[in-house]
Amino acid sequence: MSRPRPSPPARLLYEPLLRAGLAEDLGTAGDLTTDAIVGVHATAHAAIVARADGIAAGVAIAGETFALLDPDVVATSCVADGDGVMRGTVLATVAGPARAILTGERVTLNLLGRMCGVATATARFVAAVGDHPARIVPTRKTTPGLRALERYAVRAGGGTDHRFGLADGVLIKDNHIAAAGGITEAVDRARRRVGHMVAIEVEVDTLDQLAEAVGLPITAVLLDNMTPDELAEAVARTPDGIVTEASGGITLETVPQVAATGVDLISVGWLTHSAPALDVGLDVVAPA
Amino acid sequence: MSRPRPSPPARLLYEPLLRAGLAEDLGTAGDLTTDAIVGVHATAHAAIVARADGIAAGVAIAGETFALLDPDVVATSCVADGDGVMRGTVLATVAGPARAILTGERVTLNLLGRMCGVATATARFVAAVGDHPARIVPTRKTTPGLRALERYAVRAGGGTDHRFGLADGVLIKDNHIAAAGGITEAVDRARRRVGHMVAIEVEVDTLDQLAEAVGLPITAVLLDNMTPDELAEAVARTPDGIVTEASGGITLETVPQVAATGVDLISVGWLTHSAPALDVGLDVVAPA
Amino acid sequence: MSRPRPSPPARLLYEPLLRAGLAEDLGTAGDLTTDAIVGVHATAHAAIVARADGIAAGVAIAGETFALLDPDVVATSCVADGDGVMRGTVLATVAGPARAILTGERVTLNLLGRMCGVATATARFVAAVGDHPARIVPTRKTTPGLRALERYAVRAGGGTDHRFGLADGVLIKDNHIAAAGGITEAVDRARRRVGHMVAIEVEVDTLDQLAEAVGLPITAVLLDNMTPDELAEAVARTPDGIVTEASGGITLETVPQVAATGVDLISVGWLTHSAPALDVGLDVVAPA
Amino acid sequence: MSRPRPSPPARLLYEPLLRAGLAEDLGTAGDLTTDAIVGVHATAHAAIVARADGIAAGVAIAGETFALLDPDVVATSCVADGDGVMRGTVLATVAGPARAILTGERVTLNLLGRMCGVATATARFVAAVGDHPARIVPTRKTTPGLRALERYAVRAGGGTDHRFGLADGVLIKDNHIAAAGGITEAVDRARRRVGHMVAIEVEVDTLDQLAEAVGLPITAVLLDNMTPDELAEAVARTPDGIVTEASGGITLETVPQVAATGVDLISVGWLTHSAPALDVGLDVVAPA
Amino acid sequence: MSRPRPSPPARLLYEPLLRAGLAEDLGTAGDLTTDAIVGVHATAHAAIVARADGIAAGVAIAGETFALLDPDVVATSCVADGDGVMRGTVLATVAGPARAILTGERVTLNLLGRMCGVATATARFVAAVGDHPARIVPTRKTTPGLRALERYAVRAGGGTDHRFGLADGVLIKDNHIAAAGGITEAVDRARRRVGHMVAIEVEVDTLDQLAEAVGLPITAVLLDNMTPDELAEAVARTPDGIVTEASGGITLETVPQVAATGVDLISVGWLTHSAPALDVGLDVVAPA
Amino acid sequence: MSRPRPSPPARLLYEPLLRAGLAEDLGTAGDLTTDAIVGVHATAHAAIVARADGIAAGVAIAGETFALLDPDVVATSCVADGDGVMRGTVLATVAGPARAILTGERVTLNLLGRMCGVATATARFVAAVGDHPARIVPTRKTTPGLRALERYAVRAGGGTDHRFGLADGVLIKDNHIAAAGGITEAVDRARRRVGHMVAIEVEVDTLDQLAEAVGLPITAVLLDNMTPDELAEAVARTPDGIVTEASGGITLETVPQVAATGVDLISVGWLTHSAPALDVGLDVVAPA
């Protein structure tokens, strides 16, 4: 598949999350079970395996968890993020001190399962769009603390980025419009304040609002909670050069219809707030 | 309902998560849209509203997010965690500086939607158990960094606790048994090392393993991936005084059958790794 | 003056910097001098005063330092950020426990002097532009850890924002062009990867490069190290709808010439990496 | 030159600053431009080069930034801190993964330019003192969070240390004297409270104050805002064994006169609050 | 001795403490003495030596301090935690850059001396119990921030664990009983709320209270401040299957009598709140 | 008693320690016992009481722990740090939500008991010095992370300060002398490098070393492990103006003899590394 590999976040951005995950599992007394039962010199080889079909995401990232417990553990990715995997596919191998492998297993799988789940869900939406030009984009409806990783998983699943957060794009919603007294005034206030690198998108609920918005110097319109017919009409009325984004409760069942309206982007909050984890497991294949 | 209210975690344990959620959304440049459009002295009243039926969890906790942006925002809970809510129920009201309310909206809803989602899923499993004595318990398959809040949401949904992490209970799994060379040796090693306050549970896959385990000084057996018939047999063979726990891919459809086997506990990883968020929104009801 | 007030960063973003500043000054033994000499119950009134003409920035922010030492200190801003001030203007008053006022004085002034210095330098560049339409913008050449505050100070001085950092805009420089093998390929790679909210700017050194760049779907061109004549020619050759930015060693002496070329933006790294601090002091006006 | 090399701060003290600098530049989405354009396997060789004459400071420290992004980047210092450099001097070479080099460039240069700027300014003051015995010392007027690095840069430029902060020396200023009711009482309170390792310096504005101070058990007098004639008189009236320090708006133009008065120390806040950055750049000399 | 080696806490749990210890000793200016006197290229070999008889604990952990200053220092343990040592026993050797060895010496010894002190005290209590079956257990009376290391030291000295903190066991004390209105109600409330892995222990002061407690589903009774005769009677009245713990001001002198009563556990807060440090020193044996 | 009250460290310096203490006790699941048994609306009044005679230290500091759990708890000091207390003296009262009082009890007492223990031990040494002029000073042999609080407790007990850490004074020990090749060279190196505010002390083991040291520009000599006779001789040979400090295994039994030699300072590591905690408890005096 020719889709470019997404770039993972810098390690210094997600390492604190791995440490936090381990810290809450270890408590301060550590892994009572493994410490009591497994010898300090025991080693093991293990495989991290998909237990369902899906898309890989976070394989190398989640694998770094083990080395935070013991730098002698070596985790080796067997698939790249963005690859399709099947039930039984080995995602990574892990070798080294057995204690660190058993102790780090759950945190690693928790993170990996979630990231693969997001990527898998995204890929399903992308597939459902089919030959329509619409791209699937995520929202800010992410898990607190995990936005960078969940957004990366969306890209691994074939999605495209939206603004990352409040600081890298203007998205004018109904409350902002109400506060400004109208779309034109809201866009004008925003335009006067932000720099030339900041794009402005306006949420519209009606075709009347759309008519006002598309006459303003904006980059995109968010067409919120419209029916497919309304969407098609809105797309038709939006001039070239302004991006159209459909939003609002779009599901795997409804996304083909939405894509058929010709919108440029379909944003799906469900990808990050509700996609089920992909089932992944760790099999010890050879104790030493 | 006579179920006791669960106790929320201490504020000092989850406040860093609220800050992290805000920090990743604000970036370093802050909320460009709100800062440009909404006046610094504007105030607002808003309602946090359920957009679907479910169980409340995290209402007060998520509401604290606003005050981290501006101590003049007052969030007031309208329901208690554990309460059932319907589409349209107001969960909390928020009043104060409009900027902080609009800026903090998304992080608040992201956390609240997830917590209510976990509680709602739990309550459905609890309801599906019906009059059987089995209690629903969570696992360690939680989101990195959110375990305390997700576990609290399970309790709000009517679930009971399992061990929190690696440090507060011994759970001997197949890899531990393999490392020790047998169940008896594994339990013996654990018993010798841990204190009198630490309970030991052993995972068994077969009735033969069960027979060995129940003769040992343990608190519980985890009956992993058994059929209802196997479970019923296992329950029958387990002496009084040892808790039985069923585990392994149990769903809302299969849980009644599992409960009917007479097991004491049914653990469901899905509650925390894959339950969909409850749809919650913030409506500005009165700008000032 | 009709220039809108800039919005300060959220408190949770800069409070750690105030704490770090205090921590490095207090060491672990604290303020030996004040603790030895000033009684624990002594109170004082003090004025933070400009000792030179300039533009205020950070008055309220720097004033929060005292309350981190003692919540009973009240700091009250007397001017708004963005206001012009003269030698002798009282920027803020501070009242409360004398120990906290004396101990916090230096950190407060260090931050305030730097922020006012950046704002003052910016305002001088803005004034030098005169009636030309060019706006003064900052760069990423900021002090590690202080970007949000230094950028805010630029806005207080009348500057406009540029991208905040690497994550909120694409700026394709010579090394990127070399890596891609050409401007067109570089823009194409960027366009395919980033979302619709991300603007692309391309740095060009020659009119030939400019010709290639302006035919591509970009938002802005950075005209690097060009003479005024080259700049004027470049501006003339850039189609409407693409922003022009002049950059490269522009000083207060050369900025009028640069502005006269008709460029839209003039970026000045000096504002944040080398502007001298404004001299500000704290006068104890009434010990209690 | 026989001046001893200053000792850099321990790595554990400044590494958090490097991380903070990277974090604010990377945001959570990372370097969009480089990630989109430069291949993950591309490597590069680069040189960090002075673009103006000055004194090196922070070369090795700033070079550590790259390895925080990718441990495979190797930065090699070509000059030692304290060395004089000229426009064109290569300060360090950097080799390894191209992405990390391009992404880390700005933070590295921001820190290095500031530190070299402080060292260069210090060296100019030291040179202006000429054959007089006076030493140049810094103040506490440093950038919040950067004191250790700015103070180290002063030492690299040939300056000598003053007390680091509030905890490692007593400096009695006018407000302390007022609070105590007089110099003698202030010194007495300080002497009774602090340990034998803590030196006491007293700020005096007049020769009368000086007369009182030098009769007390103190280490130094700070002669604040005196004219050269007053300074010379003050130095003459200060007994051997008490260090004299001149302070207050001393510039490169006035420092020779001040030094000629025979003072032991000349403290210059400008070195750390207002010295311009040295212009330094990164040239990619060989992409792989 | 056949006692199993205790498992040390995970490195990620105690490394922040080592960093904090170094940071408070280094201040921000670092080790003035060593930096001034010892050359940057000097190396040394040193031995960490016991200066009194005792039990080793924390040898490897404390030895990691040096590498936080300079990764080129190699610390090698010569004894295992739990080993008996004598005055003169070399606990570890340290080799590498002399500056880091001299700078890190004090923090290393401070931690090691405390941990060995706790282990040594524990071993003395264990020895005093003699052939009685009672085990020595610690309490929550530990130094803030050091619980994991002090508890590990107790295990190194031959003690057994108690609950680690408030979250991993229920211990119902007098104030809880008063709040509930009685022992039965308190146990009932606890039992209904906590999971099956959580053990319940009840503190009783009298035989009447004991009679009530032992009829409830609890794991242990804490017999607080009883005389040996009362203890013996209490032990006699406690059914098999409930653990008995003696507590309250038990000293090395009184512990044999207490052990003779037949109690299962003897908890001693003194082990962690008041045990004197073991005298340990660092001898430089070969400067390079 | 006319001894001045010591100044406590700034709150921002010790609050992280209080949080760390609570965090390790609460784990992530919190106080299971109190949460299960005590109602969320229950309130209580409690007294923190000395259970042995001693000197108060840290009363207000330790009392702040409760408010970190619940800002509605009010802790009120009844004695000042430095006051003598007897068995039964109420040190502070605590009122507010019962849960926070019971949950925070142990961490508060752990810190308070340690600080009072250090102060009490110090006061005993001070008393043992009697009318001799020698002052008792602490060393750097403190608990990692607690130096500021332990040092403050020494001052509360009537001790005087020594250098706080490596950064605020030069103390030349045997290894430094060996590295430099002699005392004179070591002092010379130190003097050339450090600023005028830094005092130099030299450790000497023999009278020959003392003879060399006292001819150099130093502030103090540390007379290590000398007998009383040697100390007396050393004191006699030390010129006025150089402070003498006795050090090395000095106990409550030997300190009068040491003080009788006329030394200025007696440093006692035992105060902070081995002083037993003062027994303090919390009595709930009135549940609401």
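The chains carry the letters A, B, C, D, E and F, assigned in the order they are written, with residues numbered from 1 in each.
Just so it is clear, a residue touches a chain if its C-beta (ideal position, glycine included) is under 8 Å from a C-beta of that chain, and two chains touch if they have at least 3 such contacts.
This is a predicted model, so every value here is computed, not measured.
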{"item": "Chains in simultaneous contact with chain C and chain E", "value": "A, B, D, F"}
{"item": "Same vs different contact residues, chain B with chain E, by half of numbers used", "value": "same"}
{"item": "Centroid comparison with chain A (C-alpha atoms), farthest chain", "value": "F"}
{"item": "From chain B, the most remote chain by mean C-alpha position", "value": "D"}
{"item": "Separation of mean Cα positions, chain F and chain B [Å, integer]", "value": "44"}
{"item": "CA centroid of chain B to CA centroid of chain D, Å", "value": "52"}
{"item": "Multi-partner residues of chain D (each touching 2 or more other chains)", "value": "24, 26-30, 35-36, 103, 147-148, 161, 164-165, 167-169, 192-194, 198"}
{"item": "Topology of the chain contact graph, where touching chains are joined (line, ring, star, complete, other)", "value": "complete"}
{"item": "Touching residues (chain side chain C, partner chain A) in the complex", "value": "4, 137, 160-164, 167-169, 192-199, 201, 219-220, 243, 245, 264-265"}
{"item": "Residues on chain D engaged by chain A in the complex (per definition of touch)", "value": "19, 22-23, 26-30, 35-36, 40, 68-69, 103"}
{"item": "Chain E-touching residues of chain D, taken from the complex the two chains share", "value": "5, 7, 9-13, 147-148, 151, 161, 164-165, 167-168"}
{"item": "Touch list for chain F against partner chain E, complex", "value": "17-18, 20-21, 24-39, 42, 44, 98, 102-103, 106-107, 109-111, 113-114, 117, 140-148, 164-173, 175-176, 178-180, 186, 189-190, 192-194, 198, 270, 273-274, 276-277, 284, 287"}
{"item": "In the complex, chain F residues that touch chain A", "value": "24, 27-28"}
